[in-house]
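Following this message is one structure expressed as C-alpha cells.
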Amino acid sequence: MNADASREMPDARPHGPTTRSYVAVWGALIVLTATTVAVAGFNLQKIAIIVCLGIAAVKSTLVLFYFMHLRYEHRLIIKLLIPIAIGALAIFIGLTFSDVITR
Amino acid sequence: MATSTGVVDGALIYILAMSVLLLFLIVFFMIYFAVRYRASRNPVPSELPESPLIEAIWVIVPTLLVTTMFIYGLTGFRFLRSAPANSLVVKVYARQWSWLFEYDNGKKSADLIVPLGKNVRCELISADVIHGFYVPAFRIQQDAVPGLATYAWFNATTMGSYYILCSQYCGRRHSAMIAKLIVVPPDQFEAWRQGKKIEFTGASYANMPAGERLLYERGCVSCHSLEDNKMMGPPFKGLFGSQVVVTTAGVQRTVVADSAYIHKSIVDPGADIVSGFPNTMPPSKDVVSEDEIGRIISYLKGLK
Amino acid sequence: MNASEDAHAAGRLGIWLFISTEIILFGGLFLLYSMYRLKNPADFHAGSLELNRVLGTLNTVILITSSLCVALAIDSLGKGRTRKSAWFVAATIACAFGFLIVKFFEWTAKFHHGLYPNAKVLLSLPKGENLFFGLYYLMTGLHGVHVIVGIGVLSVMLVRVLRGTITPQNPTYLVNSGLYWHLVDIIWIFLFPLFYLIT
Amino acid sequence: MAERETHESDYVPYFLHKGKYPGALGWLLATDHKRIGLLYLACIATFFSVAVIIGVIMRINMLPGHVILTAQQYNAAFTLHGIIMVFLVVIPAVPTIFGNFFLPILIGGRDMIFPRLNLFTWYLFVLGAVLALVSVFFGGGAVDTGWTFYVPFSLKTTVNVPLAVFAVFILGMSSILTGINIVTTVHQLRAPGMGFFRMPLSVWGFYATAWVQILATPIIGITMLLVVMERLFGIGVFDPAKGGDPLLYQHLFWIYSHPAVYIMILPAMGVISDIFPVFSRKNIYGYKMIAFSSLAIASVGSLVWGHHMYVSGQSDTAGIIFSLLTFLVAVPSAIKVFNWLATMYKGSIQVEPPFLYALSFIFLFSIGGLTGLFLGALSPNVQLHNTYFVVAHFHYVIFGGMGFGLAAAVHYWFPKMTGKMYNKPLSVVAWLVVFVGFNIFYFPMFILGWEGMPRRYYDYLPQFATLHQVASIGSFIMVAGLVLVAGNLLRGLVAGARAPANPWGGATLEWTLPSPPGQEDFEEIPVITHGPYEFDKKESGA
C-alpha cells in the first residue's frame, strides 16, 4: 500500500495464469452455465434461487480471479475493492430490505 | 392539544436541555482557551500528551448521552405508532390540493371534526402524489403515499380548532392545502355525524350553497376558478351552456357544456380534454356521489 | 523509478475503482429487482417464463467466450505476439456484436408480443409482471449500453495494437479495457439467472 | 526554503508559466492541478452567486406583504436554489477547488495522478451545469419538484424534469471520477516517507470523502437515469399506478443524498483540522482519532439514510434501526470537536482571519449537529420533519459548517494561491457581518419549524409573519457581508501586499513552496521525516 508498492512489474508479463489455464477456466464457465440451466429445468422452487445465484457467484469469482488476475494481485487495496463494493451494496440492499419486509 | 403533544414535547425538551448544555460547554471552552492561551499571554505552547483515558471518555460519554436520546425518542415513537384498537376510524383522502375526510358511516367533510377525548385513527389515502398529513398542535405527521396504506392517530384533550397542513411538497398549490381539525364535545360530534346540520366555529366553508360548498370541500376549486381566471383547469364561471373545444381520443371537436358533458367530465375527465389544459384531473367517482354531482351541476347552471 | 510501471500501477488502481462504481451503479437496479421480486414472486415467475431461455443461454456462452478472447489477447501481447493479440481483440469485438444481434432479436420478439413499457398488453398484465419487464428492459438495456461502449473501446484498442502504440512493454490500455470487458461479462453472469432461470 | 531562494531565477509562478497552449487555451486545456482548481473556483463562485440571488429573491417574497413571485415561480426558485447549491456548489466545492490545488502538494506530489481525467471532470461539471441551466428555459420550464425529485410528483409535473435529472447524472459522473482521481493519487503519489499517518488531516478529509463519492454516487446516477426512463418511456418502476413503489425511490435517493452531506462536510472538517494546530502553534490533539473519525463518519454515515423517512410510510422497524444508526454517527463528529478544542488547550493562539472562521465553524456546526439530534430522534422528528426546523438545521450544517469551513480554507490558502494578501482588519469586519447576519437569518427558522411552519411553502399562516420578517432581514445582512468578503478578496488579488511563503507559520508542505507555487510545485520531491504539525521541526524537514 505504500509508495514502494508503485514500483512493480506490469502484469502483462507472464507471471499470471498460462494460456492453457485460461482455456480451462473458460471450460469450467461453460460447464457451470450448462449446470445452472439444467438445474433451472428441474422445479426446485426456492432452492433454485440459491443454486442459480450460487453458481453465478462461482462463475464471477472465476472470472475475477483468473481472467481479471485478482488471484495474482499483490496490492491489498485492489484486493479489497470488490469486497468493499459488494459489502456496500449488501448494506444498501439489507437496510432497504429491513423496511420492505416489515412494512 | 392531544395526548401525543406532551409525549413528543418531553423528548424534545430533554434533547434541547442536553444540547444547550453541550453547546454552552463547547463555546465556553473555545472562548476561554482563545483568551487564556492567546499568543501574547502564552508565547510558548506546551504539548498535551495524548491520553487514552481522555479519548475513551470522549467516545463513551457522547455514546451514552445519545443512547438516552434514542430511547426517549423511541418511547414516544412507539406511542405515536400504536393506535388503540377502539379508535374511531376516519379515511383521509389527500389529493392535489385539498383534503377530504370520510367517516365510517360514509359521511364526508372538508374539515376533520372529532370528538373530545376519543382515540381517532386517520387512515391516509392519496389519489395522486405524496402528501403529508401534519397537525402541528398534536405533534403528528405522516405521509399519504399512493398505493400504500398509512395512518396516524391522536386523542384530542382540548376543545378548539387546529390546522391540518400538507407537509410533503406536492406541487403548485402545496401551501394552500390546508384544512381544519375541530375538536367538539362527543354528543355534538355524534349528532353531526348522523347528519344533523351543525355549523362548528372555525369550520372552513360555513353558510355556502350546497353545490358551491361541494366544490370547495372536494377540492375542485384548487384547479377550477369560480371566477373567470385560468388556473390548472378551465374556469367555472359562465361554463354551463358555453361552447367548449375538446380533444376526444385524439380528435378535436366542439361541444356544448351541458349536464351530460359536465357529468362525464367529473367521472371520466380523461375522455374529453379541453384544449389548452393538461390531462391531469383524476377521475372523481369515489369522491362525489351521483346526488352530489347533480347539486354541483345545478350550482354551475347559476354561475353566470 | 520507471515511469511506465508507475503509470501502470496507477491505471490498475483507477480501473478497479471504476469497476467498483459500475458494480454499485448496477447495484441500484439489483436493489429494485430484489425488493420487487420479494413483493411479487408469482408475477416475476410468470414474467421469466415469457423469456427465451435458449437465446439467454446462447448469449451467456457468447459473452464467456468473448471474455476468454480478451484474456488471451492480453496473454498473447505479454508474450510479444502482437498479431495474434490483435486477432483475439477482433474476436472479442465479433462476439460483442453477436451478443447484440441475439439481444436485438430477443427484444424485437418481445415488442411484437406487446411486451414493452407502456404497451396496452403489458399494462393489462398484473402489476408485478409490468415491473418484471420494466426491470428486464432497464437492466439488459443498461448492460447493452455497456456492451456498445465496450465495442468502441475495444475497437480503439485493436487499432492501437495494430499501429503498435500498445506494446508488450506498454500494455496498460489493453489490460484495463480487458478488465472493463470482463466486468460486462460478470454483470451478465448475474442478469442471466435473475431474468431467465429463476422461476 | 533557503535552498529555494538560490534558484530564484528559474522560478515562475504557475499562472504565468508558458505551457503548450497560449492565453485562454492555456487554461481551458490545462492539466495542471492548480489551474484546474481555479477553473472550478471560477465556476463554483459564479453558481454560488446565482443561487444566493435566488435565495434572496425567495426571502424578499417571504417578507410580509412583499409577494413578488407566483406560486409556480417560487416552487421553481427553491428547486433551483437547492439543485445549484447542492450539486453545483456544496458537493464539489472543497474537493475540486482545494483538493485539486493542494492535495498533490500536501502529499509531496507534482500533480493529480490522472491530470487529463481531472480536466475531463471539469468539462463534465460544466456540461452538467449547462444542461441544468438549459432545462430552465426549454421543455415545459423550470423544474418545480424540489431538489429531491420525489416521485410520483416528478413523474407527473409538466416541467422539464428529464433534462434536469440528466444534468444531475452528469454531475454525478464528474464527482465519481474526481473521487477515483483523489483515492488513486493518495495511494500512488505520496512522497517518500509520507506514510498515511504523516498526511495532513485535510488529506484524510479528502480521502474519506473520495470513498463516499466512489461508493455512493453511482446510486444517485442510476436513480436519476431511472427517472429519465420513467419520463420518456413510462416504465413504471417508480409509478404506483403501474406497481412501482415511491418509497424505493426515496431509499435510493437518500442512499446517496445522505452520504452526500458527508461529501460536503468531511473535507471542510479536514481543512479545519489543519487550521487549528497552525493557529494554536501546537500539534493536533488525537491525530489518529480525527483521521479514523473521518473514515467512521464516511462509513457509518452511509447507513443512516432512512432517518429522512420516519414519517414517509417506511416501516416502524426500519425507522428504529435508522434512528439508532443515526445517533452512532453523532459520536465521531463529537470526537472531532473535542479534539479541536483540546488542540487549543495550552497553545499559543493567534486569532487570524482563517482561525476566526474555524472557530465560528465549531459554533455553527455544533448547533447544526446538535439540532440533528432532534431530527434523528424518532418522536421529535415526527413533529419537526419537513418543517423550517429542517431548513435551519441543514443550513447550519452545510452553510455554517461547510460554508464557513470553505471560507476558512479560502482565507487560509489565499496568500499561497495568489501570492497576495487580503486586508486583514476588513476581513474581520466582513466575517462579523456574515456571522451575525447568518444567525439572524437561520436561527428564527428553528423556532418557525418548532411552531409548525412546513418548508417549501409559498405562503404562510399569519402567526409566522414576524419570524419570517426577522429571517429575511438577517439574510440581507448576511448577503451584504458576503459581498464584503468577496470584495476584500478581489481587492487583495488585484492590489494586495505580496504574501510571504509562509504567512501563518504552517508546517505542512505547501508552506515550503514560494507563494504562489511554480508550475512543477516541487523542484525536487521532498523526503518526509516528520508529521504535519510538528512546528519545532519544520526547519529540518523538506
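Should a chain be cited, it is by its letter among A, B, C and D, assigned in written order, with residues numbered from 1 in that chain.
The rule is short, and it goes like this: a residue touches a chain if its C-beta (ideal position, glycine included) is under 8 Å from a C-beta of that chain, and two chains touch if they have at least 3 such contacts.
Being a predicted model, the structure only gives us computed values, none of them experimental.
S.K.: If you check the contacts of subunit A and subunit D, which chains show up for both?
M.R.: Expected: C.
S.K.: Any chance you could check whether B-D or C-D wins on number of contacting C-beta pairs?
M.R.: If we tally the C-beta pairs in contact for B-D and C-D, the bigger total goes to B-D.
S.K.: Roughly how many whole angstrom separate the Cα centroids of subunit B and subunit C?
M.R.: 46
S.K.: Any idea how many Å lie between the Cα centroids of subunit B and subunit D?
M.R.: Their C-alpha centroids are separated by 33 Å.
S.K.: Provide the C-alpha centroid distance between subunit C and subunit D, rounded to the nearest whole angstrom.
M.R.: 36
S.K.: Just the number, please: Cα centre separation of subunit A and subunit C in whole Å.
M.R.: That gives a centre separation of 15 Å.
S.K.: Note the residues in subunit D that touch 2 or more other chains, in rising order.
M.R.: 187-188, 215-216, 219, 245, 247-248, 251, 255, 313, 316
S.K.: In subunit A, what residues contact two or more other chains?
M.R.: 6, 77, 84-85, 88, 92, 96, 100, 103
S.K.: Could you check subunit B for residues that touch two or more other chains and list them?
M.R.: Counting only residues that touch two or more other chains, subunit B contributes 148.
S.K.: How do the chains pair up in terms of touching? List each pair.
M.R.: The set of touching chain pairs is A-C, A-D, B-D, C-D.
S.K.: Please output the residues of subunit C touching subunit A within their complex, sorted ascending.
M.R.: Contact set of subunit C toward subunit A: 1-2, 4-6, 8-10, 12-13, 16-17, 19-21, 23-24, 27, 30-31, 34-35, 38-39, 53, 57, 60-61, 64-65, 67-68, 70-72, 74-75, 77-79, 168-172, 174-175, 178-179, 182, 185-186, 189-190, 192-194, 196-199.
S.K.: Could you list, by residue number, the parts of subunit D that touch subunit C in their complex?
M.R.: 113-114, 117, 176, 179-181, 183-184, 187-188, 214-219, 221-223, 225-226, 229, 233-237, 242-245, 248, 251-252, 255
S.K.: Quick check: in the complex, which residue numbers of subunit C touch subunit D?
M.R.: Subunit C residues touching subunit D: 6, 9-10, 13-14, 17-18, 20-22, 24-29, 31-32, 35-36, 39-40, 117-118, 123, 126-128, 130-131, 134-135, 137-138, 142.
S.K.: Which of the residues in subunit D come into contact with subunit B in the complex?
M.R.: The contact residues of subunit D facing subunit B are 71-72, 75, 144-146, 150, 152-153, 156-158, 240-241, 245-247, 280-283, 285-286, 289, 310-313, 316, 319-320, 323-324, 327-328, 330-331, 334-335, 337-339, 341-342, 344-351, 359, 362-363, 366-367, 370-371, 373-374, 376-383, 385-387, 450-452, 454-461.
S.K.: Residues of subunit B touching subunit D in their complex?
M.R.: Touching subunit D from subunit B are residues 7-8, 11-12, 15-16, 18-19, 22-23, 26-27, 29-30, 33-34, 37-39, 42-48, 50, 54-55, 58-59, 62-63, 66-67, 69-70, 72-77, 79-81, 128-130, 132, 134, 136-137, 139-143, 145-148, 150, 163, 165-176, 278, 280.
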